[in-house]
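Each of the next two complexes has chain A plus one more chain, namely chain B in the first and chain C in the second.
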Partner chain A sequence: MDSSQFAEILQLKPLHEGIKNIEVKGVYIGDLLSIVMSKAKENYVWITIQTHMNIVAVAQLLDLSCIIVVEGMEVEKDTLEKAKELGIPIFSTTESAYQLALRLSDMGIK
Partner chain B sequence: MGDRFLKRYSYTVIANDFMLAGKGASSIKSNLKSLGINASIIRKTAIISYEAEINIAIHSYGGKIHCDIYENKIVIICEDIGPGISDVDMAFTEGFSTATERVRELGFGAGMGLPNIKKYSDRLEIKTDSSGTKITVTVCL
Partner chain C sequence: MKEISMHILDIATNSIDAEATLLEINIEDSKINNSLKISIKDNGKGMSEEVKIKVTDPFYTSRTSRKVGLGIPLLKENCEKCNGYLLIDSYLGMGTKISCFFERDNIDRAPLGNMGDTIMSIINYARDCELIYTYKTDAGEFLFNTKEIKKILQGADINDTSVLLWVKDYINENMLGISI
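Right after this comes the complex of A and B.
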């Protein structure tokens, strides 16, 4: 799916313009990086409230499909630059992780 | 397959620079990818080297990670300078962490670093004293 279409359906704000196709095989919600490292898999959407640059390293190492920052947390400029450089889509929403999970479920992602 | 040594990738980890940590793991990952190594081995090696990098950045005064590629295995050697791990058994206990509050707020220090390294490795050796820690991890191909 095109990432702008993905953002529209889930009412997300794309945080950089590097648009690419998003393939979604699953979802992982978590803020403790080591647990995300161990549990999230390739092409998973990662929902978190962490915003610092290391989240991009985690997403890149695991080949995650994108990062969605919830609760309207503001993402650091360095994080966005790094995400853009590595082609990792990053979105934000004012909704909670749970509300977003329901939307993903409505989209057919179980 | 024999155990012939093929290649070494090395990188330096700077103490407290945990924002950039993951850079070395990411370069190891792309090197392994270009060697055509299978995806599940790459995942294991990436997780091990990421956790080792974060550990060195948070807990030591700096160190190095070497990733040695052999025909039949990958050996990741993580060496750091002091202060060492005072209780190794506790350090391998899931959820146990000595990381500071500030580091934990950033999502590090979950107490899953060494347990994750152990989980994804086929063999693990650890030597630690007040001058530093050396962890040698093997992933079989």
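Right after this comes the complex of A and C.
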């Protein structure tokens, strides 16, 4: 599905306007980047509270489908610019990782 | 990373890949100063000004096998989260020194981790590189030098599994003796 539709269903705020098709094979929740690097897989949705530019590098390295920043954490400008440049969708929500995980589950992503 | 020792291992392997023949790892752990200082210094090929600026960029790597190189960017991010910093001192042909500082009691500071394991792994990775490791705390100082160890070994191989395992225990025991 396209990223704006994805955002609408999950009530997420897209943080840059680049639209791309999102393919979701799974979900990983984590904030320790080195662990995410070893556990998340291609086309996974990544839920985190981290906002440093390094998250974009991790998403690119693993070919993640998108990053969702939870708990309303503010994302740095350079993080967003890099994500836009590389076509990696970043969304934000004020919900917790758990609440968002429930929504993803309701969407049929197990 | 979960432990700071994992970062040390990561940076040290960079040094060895940069053809270092001498690697100096220094840890200063002080409750009195509320600081944890780490430096990793090598005599490898060093970096140009241009590369030095790029290595803190997560999208730069000297490897061709991947698009991003995260060793230094991740360590820098972790230092800064703990009100610390990371400095790079490097000249082409002269080697590189990475220094970093963490606020010791910061809640986000990762534990140092198992340095015996880390030094053992570094020795095993660095076949032609000598290693000097210093661990200093408010309670004392411990110095480990592969040159000295090799003298004691009298020709036995430091990379022999039983020797490496002894090195690991020797380091951990000595560090425990001056832990704070």
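Brief remarks on what is shown
In this text, the second predicted complex is superposed on the first by the 110 of 110 C-alpha atoms of A that agree within 3 Å, B and C clash if a C-alpha of one lies under 4 Å from a C-alpha of the other, contacts with A are read in each partner's own complex, and residues count from 1 in each chain.
In this text, a residue touches a chain if its C-beta (ideal position, glycine included) is under 8 Å from a C-beta of that chain, and two chains touch if they have at least 3 such contacts.
This structure is a prediction, so every number in the text was calculated from the model and none was measured.
In the three-chain model built by superposing on chain A, chain B clashes with chain C. Of the two partner chains placed around the shared chain by superposition, chain B and chain C are both touched by A:M53.
The larger set of touched chain A residues comes from B, when the choice is between chain B and chain C. Of the two partner chains, both chain B and chain C are touched by A:L61. Look at A:I35: by the touch rule set out above, it reaches both chain B and chain C. Residues common to the contacts of chain A with chain B and with chain C across the two structures: 32-35, 37, 52-54, 57-58, 60-61. Those residues of chain A that touch chain B in the shared complex are 31-35, 37-38, 42, 48, 50, 52-55, 57-58, 60-62, 78. Those residues of chain B that touch chain A in the complex are listed here as 18-23, 25-26, 29, 39, 43, 46-47, 50-51, 54, 106-108, 110-113, 116, 119.
Those residues of chain A lying in contact with chain C across their complex are 32-35, 37, 52-54, 56-58, 60-61, 82.
Contact residues on chain C toward chain A in their complex (touch as defined above): 1-2, 6, 58-59, 66-68, 70, 73-74, 77.
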